[in-house]
Amino acid sequence: MDMKRDYYEDVQLFESNVVLFWTVVLLVFLFTLPLYVPSYRFSLFNLVLVHVILAVGLNILVGNTGQISLGHAGFFAIGAYGTTLLMTKLGLPFVLALPLAAFISSAFGFILGLPALRLEGPYLSIATLGFGLTVTHIIGHWDFFGGRTGLQVPPLDLGGGFILKTDVQKYYLILIITIFLVLSARNLLKTRVGRAFVAIRDSDIAAEVIGVNLLIYKTLSFAVSAFYAGIAGGLFGFVLGFFNPEPFNLILSIVFLVMIVVGGLGAIAGSIMGATLITILQYSLLKNIKEVPYVGPFMVDISSRWFTVIGLENLNSIVLGLIMIAIVIFEPLGIYGIWLRIKKYWRTWPF
Amino acid sequence: MLKVNNIETWYDLIRALHGISFEVKEGTIVALLGSNGAGKTTTLKTIMRLLYDLREEQPEKGTIEFMGVRIDRKDTEEIVRMGISYVPEGREVFPELTVAENILMGAYTRKDRKGVKEDMERLMARFPILAERRNQEAGYLSGGEQQMLAIARALMSRPKLLMLDEPSLGLSPLLTKQIFDIIKELNEKDGVTILLVEQNVNMALKYAHFAYLMENGRIVRADRPEVLREDEDVKEFYLGIATEQSVKGFKRYRRKVRFR
Amino acid sequence: APGFDDKEIRIAAWGPQTGPAAPWGSVARAPAVLAAMINEQGGIHGRKLKHFVRDDQYNPAQTKVVVKELVEKEGIFSFVCGTGSAGGLAVKDYLAQNKVIWVGPATSVKEYVFPVQPYLFSVYPLYEDEGSILTKYVIEKLGIKEIGVVYQNDPYGKNGLDGVRQRLDHLKMKAVAEIPVEATEKDLSSHVLKLKSAGAKAVLMWVHPTTGVVLVKTAATIGYKPQWVASNTLSDFELMNKISGGLWEGIITGAFMLPPDSDDPRVVKYREAAKKYAPEERFGVFFMAGIMFTEPLVEALKRVGKNLSTEAVLKALNSMKNFQGVGPKLTWSPDQHQGSDSIQIWKCGPGGKTILLQDWTVNELAHWKKK
Amino acid sequence: MYGQLIVEGLSIGACYAVFGIAVVIIYKTSEVINFAQGEMAMISTFVAYHILNVYGWPFWYAFIGALFFAVLLGVFIEVCFLRPAKDPTVLGLIVITLGAEMLLMGLASWKWGAEQKDFALPFSFHKTHELFKGVVINDWSIAVFVMAAVLMIFLYIFFRYTKLGVAMRATQQNEHAARIMGIKVERVFSFAWGFSSLIGALAGMFFAARSTLDPAYMMEPFLRAFAAAVLGGLMSIPGVVIGGGILGILENFVGFHWPAWKPIVAFLVIVAVLCIRPSGLFARHYEKKV
Amino acid sequence: MGDHFRVENLSISFGGLKAVDGVSFDVEPNTIFSIIGPNGSGKTTIFNLICGIYHPHSGRIILEGRNIVGLKPDRIARLGIARTFQNIELFGNATVMDNIMLGRHIHMKTGVFSGAFMWWRGSRAAQEEIVHREEVEKIIDFLDLQSVRDQFVSSLPYGKRKLVELGRALALKPKVLLLDEPSAGMNTEEKEDLSIWIKDIREDYKVTILLIEHDMNMIMGISDRVICLNYGRKIAEGLPQEVQKHPEVIEAYLGEEDIFRHA
């Protein structure tokens, strides 16, 4: 009985050499991506990465702490506007403006966390939804924020006149930030704070009785999640170059929620997969199907017979809706669940 | 009346029941005993087909017959309508319905309004504490009160077969006795057949006509209570009459060593 | 890719084809009809026009993705139309960097033309000018002094409001009510009651068509009957009259092209073509606007001749003087890319027929031309 | 003016309330907020439009046809999309309704195009009756009031005193236990979805008559109705109706004095109310006992 | 009166119902103090009052000379009171290990930043994790939970879950441990094991135990003092044997027949 276990095993970054190997492979692939993919794809990839950051943060709140949020577009907007305005109005450098904006966003997260102390389910969703709407509404009514016209984003200056211009250059910056934030989230969830979040989700009474302060941890969860959304928003501004309040609408908040549910609640890998899949599908699934040889004319024919040809683009939302439904129906844990199954299958293969 | 034939049940990749067969004869009280995690609850749930949403084909193998009809592929609702009533583990009352509404839900399958009313009054008389709390949300009842409510609710459907999962759980000694008396009375007066899962083996063996012992998802003994009561193993592990004190003592010693 | 070769010239438009903003989408599809017409006649100096439409759901993030893909994968010579101001502002610098021309954005955004963007040529009259001209008409021709304004809370609405104010300031008057509205609002009783209680006898609207319909319907329920005056966005009388249940009759709007139901041969030609190449499309104001925004590009391509290049087309566009298709007279110069300064005034007649109240009018108060 | 504001506020509020009731019925049986509710109503209204304009049948045929379609649609969505979900979480179910929303919205836009359509009811808003001096009420509002009142009374009694009504509540609280009671849970769900879709379609047609009909026209009313339902307390039918009324009046008053704040005032007030009463105005807050 | 742990004149009512009505008792350090009483007599409610889930309408609860009434549950936990629940309140979607680790929450310090920066073995968070995991592993060993260490608690059978809950409460290293029907759902053998464990816990952890039970064998076997409640009021107090013979207790709680032959 004196065989001493090494408990660091439980929490270390790479559980085994296999994991380490595949992680390195993945990283090498991500960093060499511009070699294989044409550069115009990178505005989409940048969006994917931004959404990954946000989804990881949102999953901490929704998946791990069990608090629903329909207002994350609001934090996203605070991040975007905060970063841009801190740079243009106060002349702060990017490296300061981005984290500062994220902290502002997380302060708002803290405030929103306060009513969340007593609310749950749909009541909480309406409160957060109201928050999201209010943020964009105020931004849209205040000329300081560029009103409805929007804001021009300044050049992405990393300091010392090192300016990132192209999408590929921005991709590297965002990729590094994403990797850092994803691993931080994973660390956080493995330690005390992360466990306290899970405790609140599963039974808040029991959590309190073992000494978890609900006030602190619920608001903290909102704040952490809003911090991620803030960083994501700040980067989103640079991906776009120009933005107005319009994109930060309720639909976006809902799409974020869809990403993590479809990806897998409470799983970091799930958020990554969900954000990637949903973003890519949203932007490219069955788009311009009319121009595809063979399939296009066939669909046009069907459309003109039973539907309308001008509405053919809606196939995107129809099929995306069906995919969402199918994933949730067949795997309650989302894509992450499917992934686990594949892994399990391969482990026992060929038996 | 109820015939369970070699059933197997799986939780995802874990097999919880390894081919269980037993029979409940009409008009008897049958006890299903066994230690923690033996699979008693799983057996009852399989009979009620409550594990359906885990896996469609549940039980995976084997058959279950009730009054000569196969029910292992029938829906829970239909099984209930055929006359099986079930008191689940952990009460499972409707927390935000009042006590009265909870009891009424027990009679959901019944059509005779007058009979339902009478039965309800009879039960209320039996459990005066429920009568007192009539219009309170059931979720606010104490643990034992909820247990009473769950039993009362199950009785409302006037079942042919009543399956109870640890009915004495959390009840005071006095009430435990009363519950067993009620079970006995139901069995003798109303001719209700009873399948009983119990940890309180003393009590169960006192009231049952026949008992099955389960271990790790298998049935290991089946006999009349009188016989089981005299069995050495049963005595030691289930009735708590340790024959070899030293074994226990050793166990305790070992644990203490490890703990320090 | 330069966006053209010996056989074809590739043009493209983005616009919402799906989602809540999809009603605006027909503008982006219309150039295909013009392209088909031209191609049938053998193209422009032997080159056919190829038109791409991309759905961006009115979301600048999507606009950026689809525009980059078009430019870098398909190779686009020039964009036309292009709906949605945020999307346009997000890509205009990118287009300029890649030397892609953009003619006739389907919105009037001041940032597009002030200061001059070398690759961007605007057709759309400024909402400000429209506001000023309409207000003048209401005060001088209709003799109404109590004017209320309902404006959408965005650049479109606010520029319209500025135009009204410009005219009223000039006349030393004041609007009796100025009410902002969000495009998504569906219940406008309080807005209408406020107009009524302010005593507005004419109400000018820079709003979404649906908002306009709800306003008019709501006013009818409480028996409030001002003279409604609206921006050109609400001048699709066939549609508006139908969806307002006939209440649109008598409403006055601004407009910047010939009515789609006109007998003018230029319009008839397009209407016939639309029937042939896009039978499903309703030939309404938005659809025809899409054609109109493309006309000047086609004209410039024709003027350049066989030796096509971006520089040549830019030169042709920059030297365009008083060109008139179905829209207003267009004049561009290297330091002025706001092409039009005039609008017409229409009135909705019985059954959604268009009545021309006032032909092309210039806003004499416009200060942008003086600069 | 204020009299008229109140009448207008109440009538739009009643319309929100009717739609909110549709939301609540599904919530009461399955704890799911149905985000497809608006689109279900939208597509049902489009069916009525289609019957009227393409087949040219009289209004009442179209009306009944649309309601019938709505019931089928509700049941269809429940049976095909929600029921097969294995071991679902509430959020999972919500995502399914979101998927259904996108599906329906896409289908409607594909079939009927994105352009606005007209849809009229026989209850015209042109026809007005004077209540007091200077305060008028129109037929549309009267019809909405009647509809809201009838639904409220009927459903209040239904959920409180009928066996099926109590069974629906029981199903929400504990689906497994409900099965054990012999409640046909599947049927309860189908019933709830069908019924809710029917009520939603009713409200949808009234909304369409007030504004215009297009594939996106129910998004905003859905949000308001959801808000009204939460304000009233989601579990309480009279609460929803009163919540709708409060919301309508509040929005109209704020809209009259500070139009710029109208779109969000409802949400701000609701957050304030929820801070004090975490389960809305009229529902009792159940705190789990340990 | 001792100042270790004491309850004075505690009362609470729900609506018209007096769930706890003027109950007082005094617990000596390092003893096992049992509370019995018919169903609905207010036992669990007393626990809820002690750990701050409900606030009493009157009365005081003294822990080491300090009145803890009005404090929030997490404060009370930090002062050294841990409990288990009658209906099991575990964190179902976490492993046994994590559940018990959560019991160490108040003894750990890792915050958001140090947690997020757990990049290598020497980092503060990792060091703390290692130390506390060792503690937890001892408890897992003690309660014989090795075999289910990494399982999710939602898939454990009832009896095992009760043990995990006990382990979680132990991990707090409390001064006072409240156990609400810990033996419910266990068979006789397991109950005996549990009795031994509870005694061990008292000795090894030097903890005061308040125990609610319906199993008279267990009560008689391990408690130092017993009180009996009925309708929220204390009807008897004393040594186990005394209470067992108390006529009111017999009438309200035990019933006439002697079914505790093995006591």
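Some observations on this one:
For clarity, chains are labelled A, B, C, D and E in written order, and residue numbers in each chain start from 1.
Going forward, contacts are C-beta pairs under 8 Å (C-beta built on N, C-alpha and C of every residue); 3 or more make two chains touch, one makes a residue touch a chain.
As the structure is a computational prediction, the values presented were derived from the model and not from experiment.
Touching chain D and chain E together: A, B.
Summarising the inter-chain layout, the chain whose CA centre lies farthest from the centre of chain B is C. Chain C and chain D, compared by their mean Cα positions, are separated by 37 Å. Averaging Cα coordinates per chain places chain B and chain E 27 Å apart.
Computed centre separation for the pair chain B/chain D is 43 angstrom, with centres defined by C-alpha atoms. Distance between chain A and chain E, defined via averaged C-alpha coordinates, is recorded as 41 Å.
The residues of chain A that reach two or more other chains are 141, 205-206, 308, 310-311, 314, 316-317, listed in rising order. Multi-chain contact residues of chain B, defined as those touching 2 or more other chains: 140-141, 258.
Multi-chain contact residues, meaning those touching two or more other chains, occur in chain C at positions 17-19, 25-26, 153. Interface residues of chain A, counted against chain E in their complex, comprise 5, 7-8, 10-13, 183-185, 187-188, 190-196, 198-199, 201-203, 205-214, 220, 224, 266. Looking at the complex, you find that chain E touches chain D at residues 44, 48, 53, 85-87, 89. Listed in rising order, the residues of chain B touching chain E in the complex are 11, 14, 33-37, 41, 89-91, 129, 136, 140-145, 147-148, 166, 169-178, 199, 201-203, 236-242, 248, 251-252, 255-256, 258-260.
Residues of chain D that touch chain E in their complex: 290.
Across the complex, chain C is touched by residues 38-41, 43-44, 47, 140-141, 147-150, 152, 167, 236, 239-244, 246-247, 283, 287-288, 291, 304, 308-311, 313-314, 316-317 of chain A.
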